[in-house]
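Each chain carries a letter (A, B and C) given by its place in the written order, and its residues are counted from 1.
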Amino acid sequence: MEATQLIKVTVDGKTVEVPLGTTIMEAARMIGPEVAPPAMCYYKPLKGSGGKCRACLVKVAQGSEKDPRPMPKLVASCITQAQDGMLVENFSNPDVVNARKGIVEFLLINHPLDCPVCDQAGECHLQDFAFEHGLGTTRYEEERRTFETEDIGDKIQLNKNRCILCYRCVYTSEQITDSRVHGVMYRGDHAEISTYISKAIDNDFSGNVIDVCPVGALTDKTYRFKSRVWFSKPVDAHCTCEKCSGKVNLWYKGEEVIRVTARKNQWGEVEDFICNDCRYEKKKTSDWVIEGPTKTPRHSVISANKYGSNTIKKPEFALKFAAENFKNIEDQREYNKTLEEIKKSEDYKSLMSKNKALLSK
Amino acid sequence: MSEKIEFTTERLKKVEEIIGRYPADRKKSALLPILHLAQEQYGWLSSATMDYVAYILDIQPVEVYEVATFYTMFHLDPVGKHVIEYCRTGPCCTMGGEDVYDHLKQKLGIGSNETTKDGLFTLKEVECLAACGWGPCFQIREQFYMHLDNQKIDEIIEDLSK
Amino acid sequence: MASDIKILTDRINIPGIETFEVYRKNGGYEAVEKALKKMSPDEVVEEVKKSGIRGRGGAGFPMGMKWSFLAKPEGIPRYLVCNGDESEPGTFKDHYLMKNIPHLLIEGMIVSSFALGATKSFIYVRGELMYVIRILEKAIEEAKNAGFLGKNILGSGYDLELVVQPGGGAYICGEETALLESLEGKRGNPRNKPPFPAVKGLYQSPTVVNNVESISTTPWIINHGGDEYAKLGIGKSTGTKLISASGHVKRPGVYEIELGLPVEEFIYSDQYLGGIRDGHHLKAVVAGGSSVPILPANLILKTANGEPRLMSYESLSDGGFATGTMLGSGGFIAMDETTCIVRNTWNFSRFYHHESCGQCSPCREGTGWMEKVLFKIEHGQGKMSDIDLLVDVAKRIEGNTICPLGDAAAWPVGSAIRHFRDEFEWHITHPHEATQKGAVFSNESILV
């Protein structure tokens, strides 16, 4: 077997070696959350996902070692393959930060902003995205688009007004379940998730559309208004299931299991999809082997407030904060000589001028 | 009881010919032409008609709904005998299209997406029909009506009302 | 000075030219004979490359280069798909060509398919032109009966089947990957690129998508040679181009011009548009279909440097977006002083809002937002800050979308405000007057 070719990719100054064929997004995720672009539609376990929301746009400052030209437009990092020697700017590029503000604004202009009555609040990727990358205000004064409500059965609650058309649930139905009865109807800003004929979405794995939905468009009907996410306690549990892996999170309110979901990884993605029996039929502690409390896998608006604000990354804030608090310290120690030498180097100068330009923004 | 949805024998032959145009594992390519055929027969696409098309092409009904709702030529509700698809886009407007359109609406006594009481005419606004230099224009089924003015509108409507 | 040579429309007025018989008698299908009997596919590609012809659909990408990108893996079919989805407001040349001289396109499809090694090729025509589809299907039947299509064409061993595919009413299907999706029986959502169609196109196979006019030019190139074609035109804008003219001119219609013709001559010469309708003055022109930047009269006739503007890719884009525009698909919309630029911009904006596929967020949400703000301004409810808001929203759409529809929606808005800001301001400062029927504010100093 041929050895996989490794390539070097640099994102926001941090370099990683990845196999050829890796996307910029995946390379950035390998470096860590501090450089990983946000993703609203891309979902690694779902084939064909990505490219739609444009939340993950990045600047490619150098295409590759061989062809160092920068790419003329911002590119969607989730679908763009990294090349050897590629230099990517994510949080460090003001154009990217600005474009992302635009994306937040676009995604919110027709969003109902009904977080106070939305079951997704607290674990909503749109909340996180808006909080971390958006403006605090809106310039949109027109009437918001609304859709008729559609009943899709007793297991899943559909709210089209909240949908951001990531297509994840469509891919899930197509790839995980044995028949797809819903899809995206109509087009443009009137495109909507629908079955067209108000049919129940109900098959062995249909509940997974709830977990993949980044917003409150698809929520668990049996959990509706039962609790706010931050008032319930998730634990890892498993059971022996013939249909699925049986690995779940149980969400407790007091002694009661009020919801069962699949487990999500660091990026909010489900790797082991669960069946509807596990999700809807096993709501007693005795149905499960409890493994222990779930580590809150992903920072969110709510968990950030609750579990400590140091997990929030907000590039502008952080930069301005650092700039304001920067003090030059006279250091007499021996190794400083090397530092002085470093300061004379071209690399250091270009880095500093870049930082300066960034800070003056 | 609702009417049984089925293509006429002649159209079934056409369906077979259409499906034969594509590689055997790419039958879905026939979807748009067959939806046009179905609309030709029934005037519009009910969900039952779309289910029938899905059955013919061996695909999920939702795949037909997704496609039929995407393209503007497919009528998803019953329409009148003559569907007037009026171009409302810039170049036709520059050629005087807005005034002629006002006249047409007045003549028919209906607005956009409405059908006359006698069920004869449905009015729809459409975007550019690729006849800009010959505008203002509208289309009824496959027939283009171009260089429209108020007098021509009167003549066409009277002719079709007979 | 440009000649009046016609290579696409020279035979268009011959009675009965839509039939095989008449077309054949007038030199039709000679390119097929020449290509299939005397040339190799690579030689055909070479001639097209030499001709320097640029894609006539709007983007202007060199056609020969596009052909040479086509991947040719063993054992996988290749496809040629002709883009006849023509939906760009202001453009109706392909409609004109296909309905009047269908065999020209079919002849072009045969030589092009032969060059690319495709044995099944598609002509995708917008569904609204069903009558044109029937004309093409009839022409294909005639060509087949005469032995120019089907198995072993002219004894050359080359097989070709042509399929005409109707669209269903969607501007976006003019974007080549949306067209391919539509041809596969799906929603017309443009694909993420790469992979490009040349590698993975129709049915995941290598595919070339070319415009009707581009393909219809190939018979002439084969008959006369790429070098002869390259002699026509000016600089990198070789050959002739069909221009669809509409608006306030004396003689709207489709014209074949040699590239390099001065815009002034095109508008005012009796051979072409015959000037602006009597008693009126030219105010603005959209030169290449609704998506390209609108220019005021003075800038369409002369560049910012005072040089005469020519009908060519380079001359029309001289000055960039600040003072120039694009040749695009050649949809030439002329407007006189009775045209309200705000209303026209709103109309175009509504078009893009209506035609956005809804897949990616900047276009889906941004096109609707721009339309709503423009509607407000046009109807006397705008405020001054709305103008800059529009500029900013347009900027945030531009370049950030999956396909060029985002750019196409942003450019008309940005350019209208750039060149006619005073009209937008007038609508805001004179809300009552602005809502009167037929009320137009035109700065007289810009009229020609």
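The criterion applied here is as follows: a contact is a pair of C-beta atoms (placed from the backbone, for glycine too) under 8 Å apart; a residue touches a chain by one contact, two chains touch by 3 or more.
Every value quoted in this text rests on a predicted model; they were computed, and no experiment measured them.
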item	value
Contacts common to chain A and chain C (chain labels)	B
Identity of the most central chain, Cα criterion	C
Comparison of A-B and B-C by number of C-beta pairs in contact, larger one	B-C
Between chain B and chain A, distance of the C-alpha-averaged centres to the nearest whole Å	42
Rounded Å distance between chain B and chain C, as computed from the means of their C-alpha atoms	24
Contacts with two or more other chains, residues of chain A listed in rising order	184, 186-187
Two or more partner chains touched - positions in chain C	170, 187, 354-355, 357
Chain B: positions in contact with at least two other chains	63, 66, 70
For the chain A and chain C complex, residues of the former touching the latter	50-55, 57, 73-74, 76, 79, 81, 99, 102-103, 105-107, 109-110, 139-140, 142-143, 145, 164-165, 184, 186-191
In the complex with chain A, residue positions of chain B that touch it	47, 60-63, 65-66, 69-70
Contact set on chain B toward chain C in their complex	21-23, 26, 28-33, 35-36, 57, 63, 66-67, 70-74, 85, 88-91, 93-95, 126-135, 139, 141-144
Contact set on chain C toward chain A in their complex	170, 187, 192, 194, 353-362, 364-369, 372-373, 376, 389, 396, 399-402
Complex contacts: residues of chain A adjacent to chain B	179-187, 194-197
